[in-house]
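Labels for the chains are A, B, C and D, by order of writing; each one numbers its residues from 1.
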Amino acid sequence: MLKKPLIAATAALTLSAGASVAEDIEIVFVGKNTGNPYFDSLTQGFVDACEVIACNFEFVAPATAEATSQIPFLEAQIQRGVDVIAISPNSPDALNQVFQSASDAGIIVLTVNGDITGNEQYRDATILPTDFTKVGADQIEMVGSLIGYEGEIAILSATTEAPDQNFWIEGMNETIANDPKYANMTLVATVYGDDQPEKSTTEMEALLSNFPNLKGVIAPTTVGIAAAAQVVQSRGIADQVKVTGLGLPSEMREFIKDGTVEGFQLWSPYNEGWLASHFAVGLKNGTMTNEVGATFEVPNLGTITINEGNSINTQSALTTFNADNIDDFDF
Amino acid sequence: MTFLRSIFARREAGILVMIVIFCLAVGLHKPQFLTGQSLRIILLLTPLIMIGAMAQMLVLVARHVDLSIGSMLGFSAMVVGLMYRELPDIYWLVGFPVAVLTGAALGLGNGLLVTIFKLPSIIVTLGTLSLYRGLTFIISDARQINRSVIPTELKAMSRTSPIFEIPWIILIAFGIALMTYVVARHTQLGRQIYALGSNPDAAPLRGIDVTKVTLIVFVLAGALSGLAGILYASRWGFVNPSNTGAGFEFQVIAAVVIGGVSINGGVGTVMGTVLGVLLLGCVAAALPLLGIPGSTQNAIYGAVILIALLIDRSVRQRGLASMSRA
Amino acid sequence: MSVTTDSQSQELAPSRPSWHVVLVRPETMTFLLLVFGLIGASLLSPFFLDVNYILRSFTLTAEMSIVALVLTLVVISGEIDLSAASNMALSACIFAWVQAAGAPLPIAVVVGLLAGLAMGTLNAFMSIRMQLPSIIVTIGTLIFFRGLAQVIAGDRSIRVPESFIGINTVMVAGVPLPVVIFVVVAIILGLVLGTTVIGRQIYQIGTNQEAALHAGIDAKRIKVGLFLLLGIVSAAAGIMAASRLGSVRYDLVLGGELQMVLMAMLGGTYIFGGRGTILGTFLAAWLLVIVSTGMTVANLLPAIQLTVLGILLIVAIIATNFIYARTQR
Amino acid sequence: MTTGQPMLIEARGISKQFGGVEVLSYVDLDLHAGEIHALLGENGAGKSTFAKILAGVHRPTRGHLKLNGQPVDVTSPIAAQRLGIALIHQEPVSFPDLSIAENIIMGRQGGGLLSRVPWIKITTDARRYLDMLGVSLDVTRTMRGLSIANQQMVEIARSLASDSKLIIMDEPTAPLTPREVETLFDIARRLREEGRTIIFISHRLEEVRMLCDRVTIFRDGAHISTQTIDSISDDEIIRLMIGRPLKKFMRKHVATIGDIALEVSNLTLPGAFEDVSFTLRRGEIIGLGGLVGAGRTDVARALFGVAPAASGQITVGGTRASIQKPTDAIDLGLAFVPEDRAGHGIFATLSVEHNLTAAIPDNIAPGWFINRKLERSISRRSVEDLSIRLASLRQPIVELSGGNQQKAILARWLLTEPDILILDEPTRGIDIGVKAEFYDMIGDLAEAGRAILLISSELPELLSLCDRILVMSEGRVTAEIPRAEASQENIIQAAVPRSGMAA
């Protein structure tokens, strides 16, 4: 009973839909951990959506982001009998059992902002901020434009096993190897700062020491890019080494303003929450399905299509932040 | 009988030798490790641990231990961060007294539990480790204090310098080490802390107010943790309820134990502790340079603590053996 | 030599009334807290009071609770071990790593258990043979074991085979297997502690090690035995957790040492040794599950749980010290 | 030393009770300025208690002190220090990790906690005080590792630093070599010349005679006599120390003495005892007399395997035995009731029952589990046999009186059916009534064919109970006295160390 037939699931959903029309749909979002600023914005998307459509929203998260720390929270939500669990999973596999219990209890499971790669059968759909297959190429283009498409670059990632980052890094490697536009750029190292400021800093310092000719660093993680920027700022070498990657505008504003970082990218976490709530309510009410190829309308976001692997993207390409637009974003 | 003294003297020399050998060995593979730049990296890694180590050293010398140092750091940093967020117009330097006083108050809590209820400090601080962390979440509503909230002047302290291009934060750390040295070595208080740890039963016979000195030690540990807290905000530019200071106590204990501070109280020097901190800093800076994954760091810390314990014991045993006849 | 009569055998020190003996003990406090916890949690959330849910929640901490039972013996004997949670993680990582490297499951389990035993041996060597305070030693091994787990597993989670997954879904008479194991271990250890010579000697060592030595009790051997037992039980618990989770990461039960110590203390085990019962720890394990589950299902901030844990630990020690001081004139 | 000199200390009616037992009663004593005054007495006569009252370690239950004619209240060691009274313990109290200089000065500086430590002054002062004593030590090194003699010198320097008028030395010579003793005496005389008063507590009459001006003899907590040393003979001193005519608790029956149960030859543990040999037969009670610290307890601990001897032979029941740990001894039929009841005997918070059966685990647990009924009946029988007074077998043993605790420990060992019983000060700290019961029991045990080694500091006890008495002094057996010849005098003679022998 590991693989749940999709049809049966949808049937069950439609069945229960009739009963729950009268009441607001209970949505819970389980974050990776509390105190993670990224989720403040994402959560706001949920909150705002539930102001306008018929849902009740709650946010819970464990204190720390261990693989197993979300389990008691998931168990509790099952016990509370919520309708939809949205979750940013801390582990691609440790949560399988409890997802199974949730599905057995008729709860819709959506992964948001990260997926359980390899265990997709345990969730109904995943909502990802953008098309992850394009992130690698976008980031290479970003760093290329900053360094004039020439010179050594390095990657400062999160943990060695972080699935999303590894997927993007794969894309970066492919792009640099295959696209003649980047022929003069060499990727000299990929290092991991474990999403800790201390480790990210020492790794960044080591990069600069080991590769004196380094021209650019891509840090596709919010902790990493801030640490990298700080090192560059502290050494005063912003004109020699260009830092870019994925970062939160609120954390990077200072570095944009003082010229340490010229540009970086991200998507809108807010829209993930906004879309997830609309999709969850639609799914529960039977007005939307999780079938591949289905489309639906979400206010402000336009037409959304369900892609391969029941995945949904909130935006097609990354947003680039720079000195011109940084003040327009407050997350 | 200068044999024993020479061991203790050698203890510091020993760490120094270890640092030199380590640096040379790394430098052999990676010559860039032996540059001024890498000294800057090492020094920038150590200020917080240095201050925490001074706190822990005083506590250990008094024959106690404080496991809540990291949580006190986190809480104090959070209080300061919240202050900056809620009162954006406040003069940024106000953060320092606020952080130090907050930490001191938490340390006082530890001290009172230890002295009033006569509880073992290790269990008390294991409890407050969790308690203070929990309170940090509660006061912050589990939200991070973001970069934008921390005053620019404060953040600048981690890279701007008043002298010799040494950033403020490093100067402060070494200043604290110097002050700790003065207190430990040249004030009545310091000597009483050593006396207390050296022989707690004899302390009252020599007119030492054990309760008072114990309280002061824990308050100092708290205050220094608070200072480390605001410097955390300066160094990393944010305060996070769950990460800030987490695991800090273990790094600090590792540094202090390597530095030759005895868990049996009474023994430990500021010099040894500083060297212990620097050794850890060298290791932390060398690992990525050598391409060794950071995940080995904790195993190394743990092994180093165990080895230091064994060394500490053998030094003590030789001390006992030499006591039988002089 | 005269035969003692009842009139003679009175009150050099009058005995406490029997209700006092039975009721004024730390376990009573634990039991009352348990009852209050149940009532409080039920009031906090209407979803709480459901036996199956509570049992299911208990499986999440069952492994730690099992280790806490053995830890209770260690604390009664006058030592402590803060490294048990790290031991669980390292043993589980070694187990998962060995089987992922292609070894048959039973071999992997044995290797995992042996690893746990080796860790227990290290603790015993440092604390008993080298006579270093176990509390500091095990802080060192706490970092060391967790660090080794990190070296072995890095940041990835190691899968265990499908056939090995799901110990928590095995039901014995409607009760999840981990809970059953916990209860069985509690009964066994309770019997050992309460009715065997070894159990008696554990109390005697913890009360006065010198007197035990003078009475011909081999304190060192028993303490070493306890550290080894704790090592191997921690490993078994780690492997159980691997089966429940289906995968292992180095951060398994990170910080669990606090909870284990808390269970022992909350159950009335005296931090300085010599007193405590398995019943107390047994009740405390349930108390903790009820408190934390109650708060989680009420969607309270997890931070409150940390705070409550810390306060409980401190209050538990103060209360046990107080009760023991009162009952010992 | 004429009476015309001013009185430094006038003690009047000093009494002290510990837990209802009066250890010092109505002691009057005057101390002149500039004299060396010996305090003599048997173990437990109250000399040390009196000294500790002067030094503020204990508060007197009754009585008052005058210092230089002014009434004073010595509330604490610190107060004593301020008044110029210093107590030098046999094993000096020190801070091993601090420097010698600091150990000399610690607690003497004024000023607040944050005031500066004047290192230069401290070291020069410390050096000066040590120079005054003619001792050359590097004052900046730590105390750890210093010999006992040098630690004493540091303590004496401490008393100089506080300009003490009264320096109390509690058995200072016991751990010293003859040469060190010489040095100490020179210093003491020099201090006397400076007008300081020294109280010298010692068992060595020769030393007292060499050094002291006057002697005061204590007995049973009372002041017996104070005289100038020249006006009293050694024999007179010993007579006064023993005092009362011997009150015999006669053994009712003398057992028939049987085979050799225990033979000890050349037993040695460096630092504790040397070359100890004796034989002990079934039904025999051997007394082991001597002063505290003579090595008697160490011999007992070695025989029982608690702290095994380094060399020598132990033969039990005719076969050579290797006793490395207590279980070895127990298996050989030995039992040991230790001196330190609270530290080494009882499990304070555990029930009487669990205390009783601690040494016979196999008897109470014939199978896997403890048979509670069996345990209860065994315990109950013990309690009845030894008339242990208690409210319930389940009550913590610490609630029992000292005598009954001691009975319980004896009962614990009788349950092992031992052939050889070693009793170390079994009647210490118990009231008279229970003591008599103990004597009866010990006699009965011998009669039942058990061999008994009785360590005691109470001479009447040894004289009335034992068939033979071995006397130890400074780690060696100095006399073996058969019952018929034994007297308090010859025991004390053998127990009191002679300086000549100390080498």
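In this section, contacts are C-beta pairs under 8 Å (C-beta built on N, C-alpha and C of every residue); 3 or more make two chains touch, one makes a residue touch a chain.
All figures in this text were calculated on a predicted structure; none of them were measured in a lab.
> What chains do chain A and chain B have as common neighbours?
Common contact partners of chain A and chain B, which must touch each of the two, are C.
> More contacting C-beta pairs: B-C or A-C?
B-C is joined by more C-beta pairs in contact.
> Among the chains here, which has the CA centroid at the largest distance from chain A's centroid?
D
> What whole-Å value do you get for the distance between chain A and chain D if each is reduced to the mean of its CA atoms?
76
> Where the centres are mean C-alpha positions, what is the separation of chain A from chain C, in Å?
Result: the chain centres lie 39 Å from each other.
> What is the distance in Å between the mean C-alpha positions of chain B and chain C?
Each chain reduced to its C-alpha mean, chain B and chain C end up 31 Å apart.
> Find the geometric centre of each of chain B and chain D from their Cα atoms only, then give the gap between the two centres in Å, rounded to an integer.
Measuring from centre to centre gives 46 Å for this pair.
> Among the residues of chain A, pick out those that touch two or more other chains and give their numbers.
Only 34, 61, 63-64, 160, 194 qualify.
> Hey, what residues on chain D touch two or more of the other chains?
In chain D, nothing touches at least two other chains.
> Considering chain B alone, which of its residues make contact with at least two other chains?
Answer for chain B, listing residues that touch two or more other chains: 133, 137, 142, 241, 293, 295.
> Chain pairs in touch?
A-B, A-C, B-C, B-D, C-D
> Could you list, by residue number, the parts of chain C that touch chain A in their complex?
Checking each residue of chain C against chain A gives 45, 47-48, 50, 53, 56-57, 60, 154-157, 159, 162, 165-166, 168-169, 244-247, 249, 251-255, 292-293, 296-297, 299, 301-303, 305-306.
> Residues of chain C touching chain D in their complex?
1-4, 8-16, 21, 191, 195-197, 200-201, 203-204, 207-208, 210-218, 274-275, 324, 328-329
> Which chain B residues qualify as touching chain D in the complex?
1-5, 8, 183, 185-192, 194-195, 197-199, 201-202, 204-208, 212-213, 216, 265-267, 319, 322-326
> Inside the complex, what are the residues of chain D that reach chain C?
304, 306, 325-327, 329-330, 336, 338, 343-350, 354, 358-359, 361-362, 364-365, 368-370, 383-392, 394-396, 398-401, 404, 412, 440-441, 444
> Can you list the residues on chain C that touch chain B in the complex?
126, 130-133, 135-137, 139-148, 150-151, 154-155, 250, 258, 261, 265, 271-272, 301-311, 313-314, 317-318, 321
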